[in-house]
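Note that subunit A is present in both complexes that follow, paired respectively with subunit B and with subunit C.
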Partner chain A sequence: MEMQYRVSWWTYATVFIVGLVIVIPFAWMVATGLMTTSQTLLVPPNVIPSPPTLEGAQEVLNRIPFGALLLNTVIVSLARAVFTIIICSMAAYALAVIKVPGSGIILIVILALLMVPGDIFIIPNFAIISAMRLTDTLTALVLPSIFDVFGVFLLYQFFRGVPRELIEASRMDGASHVRILATIVVPVARSGVLSLAILTVLFEWKELLWPIVVNRSADKFTLGPGLALLRGEYITDWNVVMAAGVMSALPMIIIFVVLQKQFIAGIARSGLK
Partner chain B sequence: MTDTTANSFGSLLKGVRGAFAPRTLAQREAIVGYLFLLPFFGGLAVFRFYGFGYNVWLSFMNAGAFGAPRFTGFDNYEKLISDSQVWLALGNTLKFAAIAVPGVVVVSMLMALLMQHRFRGETVFRAIVFLPAVCLPTALILVFAWMFQTQYGIVNAALQAMGTSPISWLGSAAGVTTVVSLLVIYLSFSVPTIILYAGMQDISRDLYEAATLDGAGPVQRFFSITLPLLTPSLFFVIITTAIGALKLFDVVYVLLPPIDQSVSLNYGFTLVYYYFYIGFFAIGQRGYAAAVSLFLLVVILVVSLGLLRVQRRFVHYGEDG
Partner chain C sequence: MLTHRTSLVAGAAFALTAAVGTQVALAEDVSISVMIWDPAQKDGVQLAIDAFEAANPSIDVSLELAPRDQYYPKLDAALSAGEGPDVMWQSSRASFYVAGSALESLDDFIARDSVSLDEYNPTITELYNFDGEQYGIPKDFDAWTMVYNANVFSELGVTPPTADWTWDDMVRIAGDIKAAQNDDAIIPLYYYYNWNNGVASLVHSMGGTVIKDNMGTMSTDAGIKALDMIRNLQDDGLITKVSDSADLNPVNALISGTVAIAEIPSWNLSLLSKADVPDGTFHVLHLPAVDGAWATDTNGLSYVMNANSQHKEESWELIKFLTSDEGAVLHAQGGAGLPANKAPETLAAFVEANSALVGLEEALAAQQPYPRTTTAFPKVILGQQQINSSVMTDFYDGRISAAEAARMIDEINTESLR
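== the complex of A and B ==
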């Protein structure tokens, strides 16, 4: 620690209040999810569901194909992470380790593309995916996003840090570049690869615009857009919506709690290098 | 004639044979390198370079729901300039960004300062700080929609308990702006907090000790040491948050779905929401939507370049920077 602060009672008071404010939306999601619809329509509202019921959770299964949405989210997140890592690590290897002629210009192009928001490609990418006859498929959710400029940039910085001697030594032993990439560079720079994997999965969980544009059937959605379907035209049964929120947030929160250290380190690493 | 044909054929053959012939190590390395880059650039060529060209091309077309696109010159751009909805959407976008970006910066700075303190339960607190970033955004946006619901929401219930009359949060411009800004801050403060926290950890403690010996209080230490040395991280946070806020879509779309055809859509239209709406939801004017999306790109580039100019004046990159 750089500075010695006194641990005083107001530190604890502040931490407690701030933590409470952050947790309230989650707590209210759980509480409402355990209510019946009529319990949600009380004025003033009941904060504690009495008695708690799983009615809302059961109704979720009637209204949206929850199992399919969850499975799609898992498939799409994993596929996106795996393909992004393969494609980006190959490109980053060519730039950082092989240092192909023109690497400098390619890096400038990559930096420039980092500034261009992906959302403006929604319209052309929809035309391209339609021409490929891939609309309404899970492939459509994965394909356009795996050529990730950010991923190449991130891995480039990590791959540059891999000791040259390690690479030269296995070149001498006659190892191919594919082999060096897979058995030396990726393992040595694994923290960077892990960061990219975590960030790619987080990006996928945040996708909304592209899935609702390219896919029309609910059973080809991921959880994010699938949940948005629950908002009713005139009346919304909030207990059902909140139960769905809990059901989809819970697996993610469990994954996060298990991998908390890697998550936070991964995100901190991606910030500034 | 025959000679030149034979010659060029000969040189072609030489070239083809050359491609397979042993060559210098550097040449072979370069070929492998380009092959490694091929999948990435192949994908970029389709989904970015071609896509961008297609977008520009489409913006000069009238692309309705049926039939082939028709060339209409600058019609879409003329329409864009005179379309009051575009200016409304730009106004909303800039308004949300102008509130949310300082909001995120101040909140994450305070959180990072708080986390500099040692206290019991730090790990739990850090996990809580991260919860909004790892949870499905749609779920959290829906919770806010429910909390700020006019008749049955807990926010209005709390206001009424304190004797204030209920507010139509999602039915007024001020209400929508408030809820959207709070949501953007809530959904996006976690990552900046960690980045600023890590930045503060990198500042040498000797500086603080020296300043304390010179009689500087905590506030003075913050403004004369922490803040200047944190400017690189701070700038990174500002520019990523600003770009994120300028392309805001998920918050407004889930909060104010297009099935709700009332005026409240006007309060929530951002540029991305607007071109999604005209391009895919309402009428199928994809040419016009393409023009609006390029307009968004210009807005984002102007803001980014503006921030880069400011950065050159204020950001401290160490002695040699």
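== the complex of A and C ==
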């Protein structure tokens, strides 16, 4: 039987205030994106664009190859998500289901690596990608990030929850590890896999430093570094940057609105936020 | 296990390559790359590159723009892997790259082509000479100017400054701006209050030094007086409280008329000249005289060559062109970056590109530059964070005296120089 909760007025008030705090910066971004550069310099600042204009959005298209950057971001995000899931699920399966010798030590190493900021691997990563002659390619954006210790750890937690009986029954029926992984473990732990996919796409969408470091051509960038190019050295046309921010966030917002049930369920089940 | 892992990496790389494609290098023409960080100068650099490509059809030059914050991390990663752009901008950090053998000495090229370094601002040329070898050809140099918004003076009925102004004139005029308002909506003055630029320049104007014989020398009459002069501006309400100044952008403030007079470095002048304001709005002066002098710190970027470049001849040809009279003029036509090339036509091109700024040519001609402290003594760069975040903050907040601040700055710099 479902429990009935009485929601008090202050709960609504808290939700409203917290919601406002979250929405205001985004609303300000949208408003600034609809201003001219002169309107953004007014003192005191004008919150409502008067009159609203798409000058900022037009300038975005003039200054950076926005369509190419968006396409690159989609390609790289999807490739990264697919390959991350393949690599991480195999590694997590080896640790959680097969329990390979030394899996305890491997897990400790994974936990240790989780504590290390990823940026410190930039120089060795660049050296490897350079040796493979893959700099200034979209492949370079994907390859280093698909060996993701966070993904392994996340899927390890989900795979541990898969009933052993199912796996042992399949082994007795002669199923290979690949088959068990693909047909039993991944479907049972699909919320974890979905969470990893969503988080990987989000990480890639926001990635900044690595694409700038490894790629040279603007048409090989993703949206993060593309937007960074709009910032001036000493002065920035904020209407242009904010318009670009809205244009970049829009696809993700649309995807979220369409898939919000799966998204929230996936995140809730994974215990992550 | 190793074989499996290797196979895994190779397989993933192959699959990804197939999935998203790779770049195929051009086989015939020589392609070289130039990396810069300032979007405001991109147009000028591109103009010069276009002219170079027209004169050298077999050399294809790609101009890469990296955001300033990521410029050096990108360079570090690429150079350490034996990659990186063929030609790049360098600043006061050049010494670190020379020490790491990442940059090519240009001495042989300079001697072979009889390039005269006398054609460049000598202060900047010297910055890129290490152990007698020249690693960079100067591109630009920094100048500091004071710019006032004539509309603000007109609206408030205050007489604007003249070209022969002094520090006392500046204080008096800023006071007039403050007195002419009821609501303090207009900030009278923006002056660089940090140690490396504002304070050190005043010390030099008064004939002092901030570092001598590898020791900090702020604890002198000139050093202490310079600190007090800027704090008095704050305490008299002529500049914004330093603790509230971090977000104040002097260029934006001048354009919007919320600041009457602002100290503006040469690399920002084009932003004012391109602003959507009536002609004659901005007037440019040299800094106000203190004891008859108006010393300003200078630095300058240079074009340097990657020691790992596969096309050193072509890279040298490009550097030579970009810094030549013709290349410098084209760059200056972009409006940003004051050329280090001393040919009169380069300054004329810069002034012409910024013709909306009244008095620019005279203000630039009157510069009294000295090498910026962090440029002349790169070791003190590491201590700047400490000086700005602790010493200067405490000083401007009134928690320590000028003498104490000077002593602490000396300690930090002397320690850095060891």
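Following the convention adopted for this analysis, the second predicted complex is superposed on the first by the 231 of 273 C-alpha atoms of A that agree within 3 Å, B and C clash if a C-alpha of one lies under 4 Å from a C-alpha of the other, contacts with A are read in each partner's own complex, and residues count from 1 in each chain.
As a working rule, a contact is a pair of C-beta atoms (placed from the backbone, for glycine too) under 8 Å apart; a residue touches a chain by one contact, two chains touch by 3 or more.
In this text the structure is predicted, and so the values were computed from the model without any measurement.
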Considering only the touch criterion stated at the top, classify A:Ile120 as touching first (subunit B), second (subunit C), both, or neither.
first
Who does A:Thr11 touch here: subunit B (first), subunit C (second), both, or neither?
first
Between subunit B and subunit C, whom does A:Tyr93 touch in the aligned arrangement: first, second, both, or neither?
first
Pick one for A:Thr84: touches subunit B only (first), subunit C only (second), both, or neither.
neither
Mind working out whether A:Trp205 is in touch with subunit B, subunit C, both or neither, as first, second, both or neither?
first
Looking at the overlay, does A:Ile22 come into contact with subunit B only (first), subunit C only (second), both, or neither?
first
Scan A:Ile106 for contacts with subunit B and subunit C and give back first, second, both or neither.
first
More residues of subunit A are touched by which chain, subunit B or subunit C?
B
Looking at A:Val213, would you say it contacts subunit B, subunit C, both, or neither? Reply first, second, both or neither.
both
Please indicate which partner A:Gln260 is in contact with in the superposed arrangement: first for subunit B, second for subunit C, both, or neither.
first
Do subunit B and subunit C touch any of the same residues on subunit A, and if so, which?
41-43, 87, 122-123, 126-127, 143, 146, 208-209, 213, 225, 228, 231, 233
Help me check something: in the complex, which residues belonging to subunit C touch subunit A?
8, 12-13, 15-17, 19-23, 33, 35, 37-40, 62, 64-70, 73-74, 76-78, 80-83, 85, 185, 249, 251-252, 255-256, 258, 267-268, 271, 276
In the complex, subunit B touches subunit A at residues 29-30, 32-34, 36-37, 39-44, 46-48, 50-52, 54-55, 58, 111, 114, 116-119, 121, 123, 125-140, 142-147, 149, 151-152, 154, 157, 160-161, 186, 191, 194-195, 197-201, 203-205, 208, 232-233, 236, 243, 246-247, 249-250, 253-254, 257, 259-260, 272, 275-276, 279-280, 286, 289-290, 293-294, 296-297, 300-301, 304
Considering the complex alone, what residue numbers of subunit A touch subunit B?
1-3, 5, 7, 11-12, 14-15, 18-19, 22-23, 25-26, 28-29, 32, 40-45, 47, 86-88, 90-91, 93-95, 98-101, 106, 113, 115-117, 119-128, 143-144, 146-147, 149, 152, 177, 202, 205-206, 208-209, 213, 223-225, 227-228, 230-231, 233, 238, 241-242, 244-246, 248-249, 252-253, 255-257, 260, 263-264, 267-268, 271-272
Under the touch definition given earlier, write down the residues of subunit A that touch subunit C in their complex.
37-38, 41-43, 75-76, 79, 83, 87, 122-123, 126-127, 130-132, 134-139, 142-143, 146, 208-209, 212-214, 216-218, 220, 225, 228-229, 231-235
